[in-house]
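Order of writing sets the labels: A, B and C. Residues in every chain begin at 1.
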Amino acid sequence: MAFRRTGLRRVAVVGAGMTKFVRRAQETAQELAFHASRLALDSCGLRIQDIGAVCLGTAPDAFDGVHMNGEYLSDGAGAYGKPFMRAYVGGGTGVFSVIQGWYHVASGLFDAVLVVCEEKMSSCLPHPQAAFLTIFDHTTERPLKPNLLWIFALEMNRYMQKYGLSKKDIARVAVKNKRNAMDHPAAQLAAEITVEDVLNSEVLAWPVQRLDVSPTSDGAVAVILASEDAAKRITDKPVWIKSVGWCLDSAYWTNRDLSYPEYVERAARMAYEMAGIKEPRKEIHIVEPYDPFDYKELHHLEGLLLAPKGEAPRLLAEGVFDRDGDLPATPSGGLLGVGNPIAAAGLMKVAELFWQLRGEAGKRQVPGNPRTGLAQAWGDLMQVGTVAILGV
Amino acid sequence: MQKQMAIVGVGYSGFSSISPGLSYKELMYEAAVRAYQDAGIDPRQDADGFVTVAEDFHEGTSIFDEYVPDQLGAVMRPVHTVTGDGIHGLIAGALKILSGAMNIVVVEGHSKASNILTLSQVTAYALDPIYNRPLGLNPYSIAGLEMQRFLHQTKNTVEQCARVVVKNRRNALNHPSAGHGSDISLEDVLASERVASPLRKLDIAPHSDGCVVFVLASADAARDLTPQPIWIRGMGWSNGSYSLEQRNWAHADYARQAAQMAYHQAGVEKPHDEIDFAEIDDTFSYKELQHMEALELCGEGEAGRMIDEGATQPGGSLPINVSGGSLGVGNLLEASGLQRVLEVVLQLRGQASARQLKNVETGLAFAWRGLPTASGAALVLSR
Amino acid sequence: MAKIVRELPGLALTPEDISQRKVLSTSWVPKAEYAWDAGIAMGRYLEELRNGRLMGVRHRRCGRTVIPPRIFCEQCFAPMDEWGELPDTGTVNTFSICYVSWDVKRLEVPEIPAVIEIDGTSPRVGILHKLGEVDPQQVKVGMPVKAVWKPAEERNGAITDILYFQPI
């Protein structure tokens, strides 16, 4: 059915805050959520009493080691005595939380909503990756003892095969993002590395090598959404959420074309339609695609219709996605450079757009006064795309 | 809210102690097919979005939302999961319609409680890992603490709590899908095994498997689809304190806040007079009484008297849990709230067969998320 | 952001902080056990695996034949029409050479997970399994493979009744 575009209530991002992303934080999950929430409130001069509802994002409970983890985090996220909702779509949760918040405000029920994403992966022993065993089908896949890296390696290999790509073509993403992160005060893995460093790093699950992969992290991010009237009262520089979109593909991931993220395209088309965007390549000035692995950024740029199929690596090599390029991609440093506390990492991308579009990104600032940006996350069994388009 | 959105389709599967014949996907498929048939929609063509409710540790699968699209007709569509009660999920769906961005939204919740072999250990895993878990207490002890304080402060009695069990289990005998209907006596309840005093075994709702699916629609779509839309007039949800150290043990503040929000939207000023019947959380017997007071269906300390007088019986002035509630139908984990909404819809449609109430216009459904939470959600529905 | 906050919160710990108990932690081993009902489609699939056979299901309306089986066609949202035995051969759609176990321990001998398109199904329809009896460097996308089964008396109705797939 067509979207009833007319009359949608306008929603803006008016504040944002985040903690550092670190391998292991001393703070508890609740404390991380509190710090990010507090910073977001302070950034726009609001008090918790001004917040009508709280939306929370956190990926599997298995990381934090708490069943009903949303309830556990509710106190730290400022939800005491408030309407509180935790929604999730795996790795796509960070951007989805903003989508969820958008519906809260757009419904007309709330004027200001706090969106908080937190992940404390270090609680999970012996290694956070072990928690991923339980994302696989309990009957047909888990008995094979699959590693999370398998599915990415399988997808990456298929992508490389389909378009005849080399590891070198893809490694440039890791180089770019880790370099961009040098300018991010929260970054966990900022570094000046070379393509050769990536190609010489430890092979984990060929074609995936150590430096192709984002780290496991602890961290939290929060943003504040407001209705049009409230936003104008709160700040001179609201950043409008122009549209949202998301899509979930079949769980039968071995029955799909792994070389192209069709679900990301569907999510993007939903968002483009809602925002009235006809030519994304021209109308999007800055993009934060989800980059837990280097090839994923390229995959997603193609799915978002910001690069022709199989050609994102060429555009990357030409410098199009550099911070001062034609279409800056992941100027924050992304998951590869800043870190990957899963849901928080997705929300970090929205926060980055907020700062970039307000011209407050400091050394990371993209030149040329970008007016429209797109943040995207992805997750589950290579299955979900979540998209938010922001603009000033 | 004035008739902005409605429930236009319901489907369910269950509710019984075990369901070995169907996988969770097949259970969901069965309920979804029925809901779409009831609403007269094809989910592949007509549904704009889908919401499911699930907790990873109840499913035994991390990021369980992966496994929901196929059996709901939601492949390649906007679908997400809420970790909340089914009413939280229903509200998440309703927000999408209220925003004006969607016309038809599907909401699903299910329970395969029988597949969880270590349910009480899983529940304990929801406790604060630093302050509470190391004490090694059975989570039912939290209910014992709360029941004790609630009874002490409100002067309601354990006998009155037991009467709730007798009522709801008997009500379930008139519900062909209820898993735990029985004709038990007050003495049976009061003589049942102590679990966490004053809580006894029969004060606790047993678990059931099942699935409930709803189709929600905007006002225009609803009028096109059905002559009998059930309007969502108000919805509210709220969290009390997760921390056991700071909790309000006597009163369900989350329920009061959720209800006030829903009543305000619905324009309900005197709940006792304006709500014709209610399906409210009775995961434990005392919870029905505690929630009645928090939901302002009676004053503080009056819930016990109401059950003594039979006011909450199916023939009384304010029937509560005519379906049998969780005590009679079974605790359906995240789907519990949806079962309560289902009963309200069936009653308002006049489809509740042997347990049909007469002349009901407006009903209330209220869900609590269960141990160890202080989180709840309320829905006011009208014909 | 730089204007508002100079130093962000978040105290990074080293492994020694934990091992030497400089900062304290509590630990807990979750006891979460399940017995998932296999149901109709998966129940039959597992039963036939025990018999040494791979089964698929077919939907006439869209013409798709898929594995693993399901009672509904997720594309059309309608019941599947028929069951059929599939050959235990297929083609490698994609593969990886994996040097770490599921809990991130380094493996002496790498594992080779692969998506294997099963012969007789619709295009791109496969299952996740492993390859064996092959030099990892010789594995290619498009390579034909065949299932190597456990001996009949050791099969118990699980995906592991197939040990691995081997190049033909």
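The definition used in the following text is that a contact is a pair of C-beta atoms (placed from the backbone, for glycine too) under 8 Å apart; a residue touches a chain by one contact, two chains touch by 3 or more.
Computed from a prediction, not measured in an experiment: that's the story for all the values here.
Viewed as a network of touching protein chains, the structure reduces to a complete graph with every chain in contact with every other.
Taking the mean of each chain's C-alpha atoms, the chain whose centre lies closest to the overall C-alpha mean is A. Judged by contacting C-beta pairs, the busier of the interfaces B-C and A-C is A-C. A separation of 33 Å divides the Cα centre of chain A from that of chain B. With each centre defined as the average position of its C-alpha atoms, the distance from chain B to chain C rounds to 36 Å. Between chain A and chain C the centroid-to-centroid distance comes to 26 Å (mean Cα coordinates, whole Å). Each of residues 28, 30, 34, 36, 38, 42, 70, 74 in chain C touches at least two other chains.
With touch defined as above, residues shared between interfaces to two or more other chains in chain B number as follows: 57, 60, 69-70, 75, 122, 125, 129-130. Contacts with at least two other chains are made by residues 65, 132, 138, 250, 252 of chain A. Per the touch definition, chain C reaches chain A in the complex via residues 1-15, 17-18, 23, 27-28, 30, 34, 36, 38, 42, 45-46, 66, 68, 70, 74, 93-104, 113-115, 124-130, 141, 158-160.
Interface residues of chain B, counted against chain C in their complex, comprise 19-27, 29, 42-44, 57, 60, 69-71, 73, 75, 112, 114-118, 121-122, 125, 129-130, 133-134.
Taken together, the chain B residues at the contact with chain A in this complex read 46, 48, 55-57, 60-63, 65-70, 74-84, 88, 91-92, 94-96, 98-104, 122-123, 125-126, 128-130, 236-243, 253, 257-258, 261, 369, 372-373, 375. Touching chain C in their complex are the following residues of chain A: 16-27, 32, 35, 39, 42-43, 65, 125-127, 129-130, 132-133, 138-141, 143-147, 149-150, 153-155, 157-158, 161, 185-186, 203-208, 218-219, 250, 252, 254-258, 355, 360-363. Within the complex formed with chain B, the residues of chain A that make contact are 1, 3-4, 6-9, 28, 59-62, 65-72, 74-75, 79-91, 96, 100, 102-104, 106-109, 123, 131-132, 134-135, 137-138, 245-252, 262-263, 266-267, 270, 274, 379-381, 383-384.
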